[in-house]
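The block underneath contains the structure these notes are about, expressed in structure tokens.
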Amino acid sequence: MRRETVLQTHDLSMRFGGVVANDRVNFALKAGELRCLIGPNGAGKSTFFKCLTGQLKPSEGRVLIRDLDTTGAEPHAVAGLGVGIKTQVPNVFDALSVEENIWLAARRWLDAPRAKAATAETVERVRLGDIRRRPVGTLAHGQRQWVELGMVVAARPWLVLLDEPAAGMTEEETAFTADIIREINRTASLIIVEHDMAFVRALADIVTVFHRGAILIEGSMDAVSADPTVREVYLGHKH
Amino acid sequence: MSRAAEDRWLIALAVLGVVTMVGAPQVLQLFTIINLTTAIGLALLGLSLGLIWGYGGILCFGQTAFFGAGAYTYAVAAQNWGDTTGAIVAAVLAAAAVAAALGYFMFWGRISDVYLGVTTLTVTLIFFNLLRRTSGPDYRIGRALLGGFNGTAAPPLRLPWDDRVILSPQAMFYVASGVLLLAFFGCVALVRSRFGRVCVAIRENETRAELLGYDSRLYKLGLFSIGGGLAGLAGVLVANGIGRVTPDLFNLSYAAQAIIWVIVGGRGTLIGPVLGAFGVFWLTSWLGTQSYFNSNMVLGLVLILFVLLLPRGVVPALVELATRRRRGALGRAERLRARRPKAGPRRALQPAE
Amino acid sequence: MDFAAAFLVQIVYGVANLALIGLGLAIIFGMMRVINLAHGEFLMIGGYTVVVATNKGVNIWIAILVLAPLVVAAIGVVVERVLIRFLYGRTVDTLLATWGLSLLLVGIVTAIFGPQTATTLSPPIGAFQIGDYGSSGYELFIIAITAALFAGIYALLRFSKLGLLARGTMQRADMAAALGVSTSRIYMLTFGLGAAVTGLAGGLLAPITGVVPTIGASYIAKAFITVISGGAAILAGTGTAAILLGAMNNVITFLAGPTFGEVALLAAAIVILRLMPNGITGRYFRRSL
């Protein structure tokens, strides 16, 4: 069965004043795929990510989600297509409890009783049942990341965009995060921006390497790590 | 505070409110009743600001724009129509419409924070300046002369089914208290609804709410318009209490006072701004009766001290105190329970880094 | 021709007036992200300083150019120490606290001097004629001194060591502190500088407007609106906003009277904010001072 392309960009460019953060990026993601975007700091991954989510409006080029042109659409409109988004820094409602955070995500798309069920289920799924009444602002960093993953999951998205889901986590936490992500991948396609190479290696079948605002190479992790240019620009000086 | 505890408080509050509403005219002098009616109108203005600032994070410096728009609409409509019930409806709708127009302008332009404060402040100043100019026979709407500085008469309320009967001050007091009680519990229901909870989420983190698929502009617009309508209703009550509407309703000093009520009473609560309004009203009337302290001085000091020492206001501080005391009483068992090792990651108990 | 010249002087004076009353507020907002709502009262106190000093026989020039800035700067430093420094990083709270301060100062001044207009001063420079049209020499003086103030503040921020330290601290307080700069002292000095400029403005305007305890209210809205629509850059923001709003105000005043002039100023500010939600310099001239 030929798999459908669920997200693509055509000649996507983003400039800030004189700085070119993304230069004519052509990218495509197939249904069911789990793709990691890697690259050194300043390679343009996060800018690219923000153009996909609607947080930035690209200077040129187009973003298509399924067949819909979402270039420059508001984030809520992108999310409205059934896209789950997690930003780089834990972006949660600090004053609200774990449960309330996840309920807000679920209730956007589900009616009241189903939202309640989905909330309960999701809280267990990200293993935050014990602390579900605690305000998220009082939680540890890893837990806040999971709350946000929970918010992404609760809305039952078919496409998920994650920016550094494992940043700042311990090895054990990272492993659990990878479990959650694999589970998400059963029902959704994913794009993950990540720095942690072990994490990427454990997850992705295909990775896309960004360098100087453009795609340098795409391929399996092994093929990519063997590439001499990649070694030079990225793996050579791992930060 | 848990939901159940909050419910108990609200029931007690409702009982207290109804008792006061029915009892006050029996025991208080007419003069006090009339004064209280105005204070109730101001409390409603405080409630409207407390709703949009406390629950939507929209710091509006020009809540008086809707307050004044409501009052003027009521006065003009009542003078023209004779019937006051329709005038009230028109006033609330007009105030909500002004808020909706301004809200559309601001939220779709992504104006926020201090910039939003300045925009709203500017709008109320525009109203103030324009209405001051409306003296003379040229400025009339139907039968109502706008009257410039001196303003125009706000006809007293009449019975909805018989516009020959003017409400007595006591009846006016019943109407005002009833309106405040309904508005208060309406706001409670609103902030507990899905709409209200989404508004709080937007206040907490607008980006995240947008990324979840909520159009924050729409929710803010809704909340802002409701707040505007309530402020307009407050304008009607105060216009009735004073008997006139003047450009001063749009003045900065009213806008300043409304903010003081919310700060003193407590942001993020609904009862706080109401109590704050009554408290400050009482304080200023008391200061008016003596000549040692000038009321500006005292209000200024109150505001400074609250921002420095009790920035969350009286009500949240009291709630916290009560919760802590209760914890102290039955907390020992709980603490023992907490000490037992729990399932799940141990790190969970450590604070954020 | 004479009329055009006189009208032009009026417009330039209108612009200078807005720039002058906004500058002190802009210094404090631009450098410290603190909005001082007691700004109008700082202007008012500058005015009272001149009135009291001249009544005591002090030369009016010394009162305006030396005493008013000194007195208000001293008050500013005290306010920063006992109030503002506890609230850094909380823009809304500083706004509210300084609003309280504004009411307090109005109350205190009313208690001391009474609610009426203090003795009026006459401008120390007389009128002169442009053809058939009278023009005020003192207004020209205010235009000149406003320009000089802008130039002086620019030089101070751009070239002096204090200016460099201040700009560094405002951008990265943690970094500056790590380099051994006393950020607390820089904040205090900046606030004092903003207050001094405000005191000077208040003193300069006192002979034109007269002084009452509540005069601050008529200044604050205009100053606030000018500074906020200008955005974060102190000189470029306040300057461009003052030019736009001041010109608008005067032209409409000429065409339709002072009320509509005022309304036009306010409406222009709203439109600016709608088009540029972070003020003019939030969009243009971002790196300017």
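Think of it as A, B and C in the order they're written, each chain with its own count starting at 1.
To be clear about the criterion, contacts are C-beta pairs under 8 Å (C-beta built on N, C-alpha and C of every residue); 3 or more make two chains touch, one makes a residue touch a chain.
Keep in mind it's a predicted model, so treat the numbers as computed, not measured.
Quick one: which chains contact chain A and chain B both?
Neighbours common to chain A and chain B are absent.
Can you figure out the chain closest to the middle, judged by Cα centres?
Answer for the innermost chain: B.
Could you grab the centroid distance between chain A and chain B? Build each centroid from C-alpha atoms only and quote it in angstrom.
That pair's centroid distance is 41 Å.
At what distance in angstrom does the C-alpha mean of chain C lie from that of chain A?
48
Based only on mean CA positions, could you tell me how far chain B sits from chain C in angstrom?
Those two chain centres are 33 Å apart.
Would you please write down the residue numbers of chain C that are in contact with two or more other chains?
none
Under the stated contact criterion, what part of chain B meets chain C in this complex?
59, 105-106, 109-115, 117-119, 121-123, 125-126, 129-130, 132-133, 252, 256, 259, 263, 293-305, 307-308, 311
For a test of understanding, state which residues of chain A touch chain B in their complex under the given definition.
53, 55, 74-77, 79-80, 85, 87, 91-96, 100, 103-105, 107-109, 112, 127, 129-131, 137-144, 151, 155, 170, 172-173
Touching chain B in the complex: which residues of chain C?
35, 83, 86-87, 91-93, 95-97, 99-108, 110-111, 217, 221, 224-225, 228-229, 259, 262-263, 266-267, 269-270, 273-275, 277-279
Would you pull the chain B residues touching chain A in the complex into a rising list?
Contacts found on chain B: 194, 197-198, 200-201, 204-205, 207-216, 342-345, 347-348, 350-353.
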